[in-house]
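One structure below.
As written, the chains take the letters A, B, C, D, E, F, G, H, I, J, K and L, and residue 1 is the first residue of each chain.
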Amino acid sequence: MSYGESRVYKKVEVIGTSEKSVEGAIQSAVDRAKSSLEKLSWFEVQEVRGHISDDGKVTEYQVVLKIAFELS
Amino acid sequence: MSYGESRVYKKVEVIGTSEKSVEGAIQSAVDRAKSSLEKLSWFEVQEVRGHISDDGKVTEYQVVLKIAFELS
Amino acid sequence: MSYGESRVYKKVEVIGTSEKSVEGAIQSAVDRAKSSLEKLSWFEVQEVRGHISDDGKVTEYQVVLKIAFELS
Amino acid sequence: MSYGESRVYKKVEVIGTSEKSVEGAIQSAVDRAKSSLEKLSWFEVQEVRGHISDDGKVTEYQVVLKIAFELS
Amino acid sequence: MSYGESRVYKKVEVIGTSEKSVEGAIQSAVDRAKSSLEKLSWFEVQEVRGHISDDGKVTEYQVVLKIAFELS
Amino acid sequence: MSYGESRVYKKVEVIGTSEKSVEGAIQSAVDRAKSSLEKLSWFEVQEVRGHISDDGKVTEYQVVLKIAFELS
Amino acid sequence: MSYGESRVYKKVEVIGTSEKSVEGAIQSAVDRAKSSLEKLSWFEVQEVRGHISDDGKVTEYQVVLKIAFELS
Amino acid sequence: MSYGESRVYKKVEVIGTSEKSVEGAIQSAVDRAKSSLEKLSWFEVQEVRGHISDDGKVTEYQVVLKIAFELS
Amino acid sequence: MSYGESRVYKKVEVIGTSEKSVEGAIQSAVDRAKSSLEKLSWFEVQEVRGHISDDGKVTEYQVVLKIAFELS
Amino acid sequence: MSYGESRVYKKVEVIGTSEKSVEGAIQSAVDRAKSSLEKLSWFEVQEVRGHISDDGKVTEYQVVLKIAFELS
Amino acid sequence: MSYGESRVYKKVEVIGTSEKSVEGAIQSAVDRAKSSLEKLSWFEVQEVRGHISDDGKVTEYQVVLKIAFELS
Amino acid sequence: MSYGESRVYKKVEVIGTSEKSVEGAIQSAVDRAKSSLEKLSWFEVQEVRGHISDDGKVTEYQVVLKIAFELS
């Protein structure tokens, strides 16, 4: 990539989930995006949320993120 | 659905319109999304706007909303 | 177009780049969107950023914008 | 109206009230604006609030909105 | 109530739901608050969201609101 | 005033200044608004800023506020 | 207090009023919170508003603030 | 102008348009404001938007801005 | 739980701390909330902050979060 | 100073404290900035916070502000 | 530069001015930053403002931006 | 430290990176700040972003944070 040549990126908003961690939820969303999009480039976290089970444990992290990829 | 299994959602941003009400504009956007997407799950209102006619009547509600659906 | 008939719009988020100007980066993003979408209607600037080269020149404007188009 | 000719709009911020609904409060604000301004064009909702009476009923919706009109 | 005497209010954040409308969800939250708090005074809408059923209908409006009441 | 009757308010945005204090700057803006508007009802502070003189003293508080008044 | 030991704080949102000043309204809200909560620790101002009397005087400052206290 | 004397400013929100550029749209709004207001002092850009024609060209920049002027 | 039946949730704002991680601070806040509230349902992260010790180590993560629970 | 000549300003973010008042905390931050920076020009308040002592008194106002100065 | 190696960047907030254009004001701020900082990397526009002269012309664009540079 | 004595803090905005985790990126930024600044006191996370490699892995977390330190 070199700056100054005209490139165009698109951002999509996805929500990944993980039982373990914020990082796990991010990777889970990126994995899914990877399966249908090419040239993924960066992500930006929008919100971190999660589910609490009946016994008071955080059983799921939900991360809302934007994923940017280059349009070819 | 059960929490803890890895799921990924996507959000799209759409604008629905209605002559009648905010709720009508939301349903209108959801109807259109339903025609091309599966597993719609929830919506989040971003903005409520509208058109005013020459005789000072609100003739259209325009609701900007995000619609989330599960990626399979 | 006439107000009061139910229409639905979608917004996509894209990033255009230009060596020259903010307006150039906007047009660049719109051009790319035009190649795959119909009925583009308006855009909204979200962020203006850019790259600075080693000799301290702004060599690229990067404009994050939302582009709205009517769903038919 | 045609795009590309120079037009200028002004926005004013008003608060409409209604016993019945959000839509009623919007129309109430637009009605009042109509009585002193011409060429009203669109509105944007800023806040939705309301009054609760002593017996726990929502007796008034208060909608803060911006109303835009063309300056001639 | 008269202005200038020292009063203190508290706000609590609640989420009301309704099958029908935004207004219904607001009243539902206020009703519940009324059952345990006195001197409810006003509300402020924070977010409007909702659930979409499998057949693409909005089956629930969820309104996040703050409810203010006077502390005696 | 009684809730439930339809009233409409307008908000204007003004900036008051004072050598002394934030409160002084607010009152200064309200005084000026009072000279041309009737039925002033409340204000909302938007920003607090100020000028610093060459010898490092805050010589002016500038408060941006919205002033609401009832339209009759 | 020592950092590193697990502590949990709660924040409540209250509105204090004063005829005199922003600081007076803050102290008024803190005084009331003190009467029912222990271990108050800090506050964060959310909004500054106020009432304007018929003769154009600011007769009440209303400060919306969050008050944090340690849960034991 | 000298700091420390009590001055009061008002801000109005206007939208200027231009076929050419963001700067053109700003000047267009300022020109119109100048025709009915005195002592214009500064502007603040709130939003940059625009219209896209059927053939995918940006044919109009729309800049929402606040214009401040001193009240005499 | 089934959508469409009227439910009401409340959100409280708490701050959890942990020497180890963001996730630890979240769980710590949820644990404390669990000890006095029932039917905890989800959380939303508001802010991530932390303490830095004299030797430049992050010795405490502080996570401000909202915890939602169903009112019965 | 005259408009139209190219000037460049820098903003730094500082937090001033005072036992007495918001204004005192602002001046305290400006005093400290003055001791190491020249040509201080204006400030913008970002946040107002404070400490509450064990007996429920506000014993410290903490004002987060940006201070701007001209680069020569 | 290669991703994955630990790098640290700093952002400073500066305001550039230009008689001509938004782009001119950005380059003016970057030029000044370049004279005292190395490895400038990117900028992010925060605000666009400007001065209006007595005869209603925009005589100065003022762009508040953050400039990021790598710390070595 | 004791509250009530006048102290002044400064905040700087830095971006730390890590291949591993959000916490790693925070510590990396704090480590670098520690090498040139004294009396680091706390940090506040502003944004969490990251790089995605060609094979769809998150290879770098980038955390934008503010670091506060006491000015002596």
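What we mean here is this: a contact is a pair of C-beta atoms (placed from the backbone, for glycine too) under 8 Å apart; a residue touches a chain by one contact, two chains touch by 3 or more.
What you see is a predicted model, and the numbers here were worked out from it, not measured in a lab.
Colleague: Hey, how far apart are chain J and chain K in touch steps, shortest way?
Modeller: 1
Colleague: If contact pairs are compared by residue number, which of F-G, G-I or B-D agrees with J-K in over half of them?
Modeller: Most of the J-K contacts reappear at G-I.
Colleague: Please report how many Å separate the Cα centroid of chain H from that of chain K, as a whole number.
Modeller: That pair's centroid distance is 22 Å.
Colleague: Please report how many Å separate the Cα centroid of chain C from that of chain F, as a whole number.
Modeller: About 38 Å, centre to centre.
Colleague: Send over the residues of chain G in touch with two or more other chains.
Modeller: Counting only residues that touch two or more other chains, chain G contributes 12-13, 21-22, 51.
Colleague: For each chain, which other chains does it touch, given as pairs?
Modeller: Contact pairs between chains: A-B, A-C, A-I, A-L, B-C, B-D, B-E, C-H, C-K, D-E, D-F, D-H, E-G, E-I, F-G, F-H, F-J, G-I, G-J, H-K, I-L, J-K, J-L, K-L.
Colleague: Spell out the part of chain K that touches chain H in their complex, as residue ranges.
Modeller: 20-22, 47-52, 56-58, 61
Colleague: Using the touch rule from the top, collect the residues of chain G that touch chain J in their complex.
Modeller: 21-23, 26-27, 30-31, 33-34, 40-45, 67
Colleague: Over in the complex, which chain I residues touch chain E? Could you list them?
Modeller: Residues in contact with chain E: 3-13, 66, 68, 71.
Colleague: Flag every residue of chain I that touches chain G in the complex, lowest number first.
Modeller: 12-19, 28-29, 32, 51, 53, 59-60, 64
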